[in-house]
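I have a structure I would like to understand better, so I am pasting it below and will then ask my questions one at a time.
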Amino acid sequence: MSEEPLIRWDWIARNWANGSPTAISVLLENHVVTAFLPVLLGLIVAVPLGLACVRWRWLYQPTAALMNVTYSLPSLVLFSIFLSITGLTRSTVVIPLTFFALAILIPAVVDGLASVPDSVRQSAVAMGFRPARRLLLVELPVAVPVVLAGLRVATVSSISLVSVGALIGQGGLGNLFIDGWQRQFYTPIVVGIVLIVVLAVLADGLLVLAQRLLTPWSRARRTT
Amino acid sequence: MNWLAGFFGDAGHWSGPDGIPARLLEHLEFSAAAFFVAALIAVPLGMLIGHTGRGALLVVVAANAARALPTLGLLVLVVLLAGVGTVLPVLIPLVVLAIPPILVNTYEGVRGVDADLRDAAYGMGLRGRQVLFQTLIPVALPLILLGLRLAAIQVVSTATIAAFVGLGGLGRFIIDGLATKTYADVIGGAVLVAALALAVQFVFVLLDRVAVSPGVRRVR
Amino acid sequence: MITFEGVTKRYRDGTVAVDDLSLEVPTGAITVFVGPSGCGKTTSLRMINRMIDATSGRIALDGQDVREIDPPTLRRGIGYVIQQAGLFPHRKIVDNVATVPYLLGWSRKKARARAMELLELVGLDASLASRYPFQLSGGQQQRVGVARALAADPPVLLMDEPFSAVDPIVRASLQDELLRLQSELRKTIVFVTHDIDEAVKLGDTVAVMRVGGRLAQMAGPATLLTEPADDFVREFLGRDRGIRRLSFISAKEVRLSPAPSALVIDEDGRPLGWRTGDGLAAYGTFNPETDSLRVALDAALLSPNGIAVAVDEAGRVRGVAGRDAIDELLAEHAPPAAGPFRDAGSPRAAGSPPAGSPPGGSGAGISEGVPT
């Protein structure tokens, strides 16, 4: 065991795409889908919910408290609970991860809208914007940088958390950890860790790029 | 619900080395150990960087990358490398997990203190250390506590998966329950961990009340 | 006394913020550094308490080079007030004020008692002591800032645009308060502002600085208004210098005549108005004991017949002064002959900036009159 190298390249070559359902490329694809679906669903839900929280202030306290509680639950705990409802399917991982994404994204949307300076809001009103247009054309764009910052955190943690799903057989690249553990074999574990980190860094980089493209004004503001 | 009754109603779950009290104690022990090691590293480092402004970029980038590290993979790798059955290596992934939130929030908190305030402190003749302890830390405290809270909750939650590599703690109920398809144990364990995480959350809310000056809490 | 001797500050990026500055800040008086934004006022001020160290030259406090004093020790003996007050948000008002006494090792009781004394001195109610800074208005915060700077009774006070962030009415009352305090305390105050009116109102001596950190002129406010050294200073002083200068001439010497019968007076001796064909017309008053010639002139301009009514503290008529009486005093205090000539914009003035004029040279005996 002590002579076992950390990486056996030939194992990687043999298992990258060998047609089996546990091939690395299949797991990778699985991982990507299982990680991004919750973020996407989370965003779709968080924007209207965040807007509602801003519109009806009383909604925010209970929502924030609920999200805070959710965030403090271990992923494995939620997976186990959903296992008894949705069984051994992808939903068992995707639904809990969506809750985690919401816990990050709803406060981000609310904070983002709160970050719109009052003077900006007031002058939009004074220029005759109706509420819906004002929201779409003035407030949401100004909120984008804060929302994107939340999106980055949600994405990176989602990518990392999917691997825990391996404990209930739905973990994408996390399955490599179980495999390596059971066979006392380093290579799959190292491959899993490296691919997950690379995936996270890549996704984060893309979001930073998206932010630059979407909000060219925010960069200028940061330097002053 | 009858699962819960089955789990918590079973007298055998309340005593012995596999009982809830023993598992809870184990869980708390290595969570606390990992949390304190992380805090001892990250709080002073975050203060130093925030106060002096040196090495900030490197640390923030590294901390963000560390967030992406999958704890399960790290755990499995470390235990395999160190040999199954030892406790200390298990702490490493948990410490790695806890450092980024503490470090980043402490750094941001100290760095974010109003420049005018810093100026006023130096202008009145406070020395570097006094500026740090009498001005920067009290004002940054809400953020420092936030970082500590996030870290503590993550450690307590994630410590569950330590059971996968043969360690004790509340994760045992879940992992063993999954292996033997005893869902009452899985749900029971899950509820226990969730309750513990909420308790940690609550402790930090109290700490915030006690330690943070009302003058600062209002500002944020 | 604070002495600048050939002080230069060059920042790391090459910006020369202060260039060969030499001047003397007299003990027990208010010296104002004034000039456009970025001219090096803050830099000059902060070199005194070593928040910034000079690149070359020497700054001495009563003869001792500040570089020989350990910065924190030096600063504990110098009060420092900045624009946003810089109050510690996590400390109650009373503890904010007691900061330096605590640093100096006073007992908690003694420091707090001293803090309460100071709050009263700056005109704040004792009930504010247990509040936190965010619970105070901007003007109140600024008063706390002043109280905090005075806590350990330092002989020197540095103030960097302390009143610029508050509204004009609060600013005026803070300025009056500072003058009242100073008449009691007689501190050596260096006051930085970009507002020339504030400089002229508060300064016993005003140092006008130009961009690049050079001294353009240093003089008493009245001298400054009548004899600006060059075009830069003249432009910086703005319009109405002739009128504004009258604020520094006391109305005490105005020749008063007995009130004519056209002035209607009530039974307590207070004026009611000037009798006209069909009723009473408006009138203007001044108090010769406390007011300036500017107020007297203003009072004359407010009356239809050009006669100002002189009253005492209780508002009772003491006499009247016509425009002729005011003119007499104006003539006595006419600016030196060169003044109007330079004002006409002669080329001679433009080319002679006496930037290196001897410190305090033209500022001697400038505290005449009461700035109003």
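A, B and C label the chains in the order they appear, each numbered from 1.
In this section, contacts are C-beta pairs under 8 Å (C-beta built on N, C-alpha and C of every residue); 3 or more make two chains touch, one makes a residue touch a chain.
Since the model is a prediction, treat every value here as computed from it, not as a measurement.
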* Structure fact -> Judged by C-alpha centres, the chain sitting nearest the middle of the protein is B
* To do: Find the chain most remote from chain C, comparing centres computed as mean CA coordinates.
  => A
* **Where chain A and chain B are represented by their mean Cα positions, the distance between them in whole Å** => 20
* chain A to chain C: how many Å between their CA centres? -> 59
* To do: Round to the nearest whole Å and give the separation of the Cα centres of chain B and chain C.
  => 56
* Mind pulling up the chain B residues that touch chain C in the complex? -> 114, 116-117, 119-127, 130, 134-135, 138-139, 141, 212-216, 218-219
* chain B partner contacts - residues on chain A that touch it in the complex -> 68-69, 71-78, 80-81, 83-84, 153, 156-157, 159-160, 163-164, 166-168, 171, 173-174, 176-178, 180-181, 184, 186, 189-190, 192-193, 196-197, 199-201, 204
* List of chain B residues in touch with chain A within their complex -> 3, 64-65, 67-74, 76-77, 80-81, 153, 156-158, 160-161, 164-165, 171, 174-175, 177-178, 183, 186-187, 189-190, 193-194, 197-198, 200-201
* Structure fact -> Listed in rising order, the residues of chain C that touch chain B in the complex are 49, 51, 71-77, 80, 82-92, 99-100, 103, 132-134, 148-149, 158
